[in-house]
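In what follows, structures are represented as structure tokens.
Both of the next two complexes hold chain A, though its partner changes from chain B to chain C.
Let's turn to the complex of A and B:
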């Protein structure tokens, strides 16, 4: 019996098989077959949540009673825009970017120039500078917290330069600077690698031509290397600005038990603001409205950067 | 002139060594401190006073079960990388080498997804995962992350460079276009696939925001989330914390040293092309 149906299956299966073969060979079908897994996951886990973020932002919705969520118009937005803490959070995000981005861009360029020279052991140094980038942010933050606790040799050292001998991440004056320090330490390896690949793309004969014209080392750097690195610098600044706005792990790690953004809100950012309201307090509507505002800020920055780039040609 | 060059080189060495020490210091401090006892913190003691005592605790206490966290991280990361290895190249190939209706829309979707920060959808993803009962499960930690816009884009860029004759030749030999993809084009993408896997692996392994949101029961902690809890638990005991840091970061560092060259190439390629 089984043999019979097997045989029958094979015979009647033939046309079916060729239809399958057609599907696997025609562009029209194959294209959709190949993007289908992505599209299904995307609709389910990106598009739907994305729309929800907007819809919820106009609702009074709490996680515990999502069924009773009701439309309240712009109330969430109005409340956020009247919250002093929100502006503080925006300002902190901006501060992180304003302090860290120039430093890590400059540091990355310096490191790249150093490891691009013919020095012994430059490979080892390149690794040393890059390793923080692939280490988890939580691990680095943890180590720095231990290093910047009151009474260690580092706080002692900085104490001599007018910083108090205090626990940095627990002091409202230094906590945000501490976050910047973490971001710079971690990300300079990334900017170095990107700059390094840029340095290696500069055509060698340009330098030779410069030497014939009698250009000094500095002039060669100023008039040959720097113009070449311009697009890369733009890339680095735009990427690290966006990454800076998204910082979360470091701040979560220094906020022991307390509310995100501790001490006393000194490290609150737009991200911790929406996380605190949307996920910790489970106030889905209010949190979503904060997320939409975060999204608008990011889009605004991206737009400005693009405009700047287009103007410069 | 020659003398000036010499002092120049000395200065370069001084600069690179000073910066190198500055960057290595936190790591050296971590390793050293993890071997000493609490009363010796911030002092230098000889090897006769070093021990594995701090490490031992992590393998004998159930409240901070590092082996379990390691296993959780490994399972989560493996599933995510595997999904990315199948779904992204398929979509990338379709966008590069297949003509179908709606291709422009799909391409636009990929680029938009790439540009939008994940934070934007975190709250609804959390709600949806919770409503499915997927909090603290591997389903919740992996299924939403089996693809990535950026990697689809990367794969598309690679497949664009594959000559169409390769596919035509395979079809003359009797393969379908789908067969040509899996048997000829996919293996050709070897180096791009490796780069993508390495980036996806380290990104997933080190992620904190998503796992700390979607899995917060200690038996489902991944290493990074576990480390954060250990830090709070032993806050006054620096050597214990440092041993935790070493244990939780060692796997990714070993991984990095194995694939360092490809990793750095991947990063610089994304920089130059971006």
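Let's turn to the complex of A and C:
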């Protein structure tokens, strides 16, 4: 039995008490030790590269000769902000987020409510809806590409609603919409699972009290369920927004054998813009500046989302 | 009880940290990349690992793997490791990152289509000083192939193959349409495409890709001139022809049909004609063994012209084993290995063997005259940026509904590559 005096902040027990044991008994120290592996990896894989990217963004740096990189101040930033392709890429990223995030959120909530009910075989439904999220993105993209080829039943079906019977990912009018559909399909299982965990946390007695007061099903959902799910909604909207901005694999698969962002730049996003300049053209200084701007954009949007949800609540 | 739980957690966490640290350090000694072991004693021979990277077919891989097993017969000090990249696109996109991270191969098999950018940026080692030491006999290779890999009087590659681009025709569809001789000019092609166009198959496949566009450009007497002649009248004329073929509904892109490249469309018999290369032979053998095709030189626009694609073994500048890498390249260009490549459709750059090429690959016999006039690609030094811009603008015109003329497209690209 250790005798650690919190008041005095020192060991008062038997002599020879090991420092390790003292460390193990300290909640604060133990907390740090638990997060240490993650912290080390996070610093190594995220923080250090980010700092390096930030430094590179002020340099004329090429992959081929990193040793010859030279400081050029804000030139990379000025060039990016003068490049209309950058704005095109930002707009495409925003389009993906604006279209996909509300649909995913709504779809996730609807599915969660559905599978939260006392249904026969709801376990199967849960699995079916969640499978796309854990399946390889390239595999799903390839399947979608087969489904949305000219002459398939899907393009034929959409053709009845004014869409052309064309290969969607090869048509500049529909290629971005195709990416959005893919993203919605893949991610809705994730939003469903998160909402489901939230739904199961809502206290049952609140619903019972609502029923006693004569609240309708809609009113119970509006005044009990939704407010309870607010932090979950914020989490979902933030995460799917960030993931939406980071979409890359699907676009790379669509652009197979062609220029990234194909067809004709219709699916270029901020990430593909960075990849093209930073990696493909080896201009890592310019690419890093794009990444820093990208980081600022995501930060701003997340901040705005939080503010908006806080005000609404 | 709570204290012992905490101590247990602490031990587990410490073990986890140690495991993470060990696994993080563990990658240092792997054998990939040019950060490999400069020399390891194995018995009496000091072994040097040479990592070789390439993209290609399963048949190529088999030849390389067999060569890697046999190399110790001639070079006991070399341990040759083969790494296959999934596609040329993957290869060219991955290589810069690998070079920056110090894990790129020592030796790579590359085509001249993307090489100039890397030579210009100083990523490939000039081989002149190493050739003598490694015992490479440049006299064995055809001068035209050697010259493609000579930039500013420095030799950057040991050529493995060189072959002109070609024009491929589906024999059955051609005969079914009662067409006579194979086309010699683009006008012939246009006339044939009109007859070949049907519900099941398109007249011609035009892949919106720099390789294919460049062949049209060369057949109209044009070329990119390393960025100096992008908007030349000849190039404009060639691009106008391509755009007109789409406007007239005679051409289709692989993408519009949901395919990745022209070979897939051709093997599925969804297109009757296409520009292509010798790699169609091994590809079609796997994809559609029953398909009969004819190969003729790229049709004439205003002149006889097409691209010459040449593969070579190139040593990376950052390789720690440049001499050993060049010895490996020398081995891979020996008569035994090159004969194997010859058998699967590569026209070897080894002059003495090249004579047998058209005997062993009779389907390519008609291409022989094109060896005399086919030339290098001549892309600008910023090759990938140029290719992306060209593809994007032409895609926008063909697939995106842009109204830009061929001249406007090439003028705007020229503006970026002054």
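Just so it is clear, the second predicted complex is superposed on the first by the 256 of 313 C-alpha atoms of A that agree within 3 Å, B and C clash if a C-alpha of one lies under 4 Å from a C-alpha of the other, contacts with A are read in each partner's own complex, and residues count from 1 in each chain.
Heads up, the rule we're going with is that contacts are C-beta pairs under 8 Å (C-beta built on N, C-alpha and C of every residue); 3 or more make two chains touch, one makes a residue touch a chain.
Everything numeric here is computed off the predicted structure, so don't read it as measured data.
Of the two partners chain B and chain C, it is B that touches the larger number of chain A residues. Contacts of A:41 after superposition: both chain B and chain C are touched. In the superposed pair of complexes, A:291 makes contact with chain B only, with no contact to chain C.
Of the two partner chains placed around the shared chain by superposition, chain B and chain C are both touched by A:256.
Contact with both chain B and chain C is seen for A:146 once the two complexes are overlaid on the shared chain. When both complexes are overlaid on chain A, the residue A:309 reaches neither chain B nor chain C. Contacts of A:63 after superposition on the shared chain: both chain B and chain C are touched. By the touch criterion defined above, A:166 lies against chain C but remains apart from chain B after alignment on the C-alpha atoms of chain A. When the shared chain is aligned, chain B and chain C each come close enough to touch A:30.
Judged by the touch definition given at the top, the superposed model places A:78 against neither chain B nor chain C.
Shared interface residues of chain A (contacting chain B in one complex, chain C in the other): 21, 24-25, 30, 33-34, 37, 41, 44, 63, 66, 145-146, 149, 256-257, 279, 284.
Only residues 9, 12-13, 15-16, 19-20, 23-24, 26-27, 29-30, 33, 42, 86-88, 90-91, 93-95, 98-103, 106, 109-110, 113, 115-117, 119-128, 130, 143-147, 152, 171, 176-179, 181, 202, 205-206, 208-209, 212-213, 223-225, 227-228, 231-232, 235, 238, 241-242, 244-245, 248-249, 252-253, 256, 260, 263-264, 267-269, 271-272, 274 of chain B touch chain A when the two sit together in their complex.
Contact residues of chain A toward chain C in the complex are 2, 20-21, 23-25, 30, 33-34, 36-37, 40-41, 44, 62-66, 145-146, 148-150, 166-167, 169-172, 256-266, 276, 279-282, 284.
On the side of chain A, the complex with chain B involves touching residues 21, 24-35, 37-39, 41-42, 44-46, 48-50, 52-53, 56, 63, 66, 110-111, 114-115, 117, 119, 122, 124-132, 134-140, 142-147, 149, 151-153, 185, 190, 193-194, 196-198, 201, 232, 235-236, 239, 242, 245-246, 248-249, 252-253, 256-257, 271, 274-275, 278-279, 284, 287-288, 291, 294-295, 298, 302.
Partner chain A is touched in their complex by these residues of chain C: 3, 6-7, 9-10, 13-14, 16-17, 20, 24, 87, 89, 93, 96-97, 99-100, 118, 121-123, 207-209, 253-258, 260-261, 382, 384-385, 387-388, 391-393, 395-396, 399-402.
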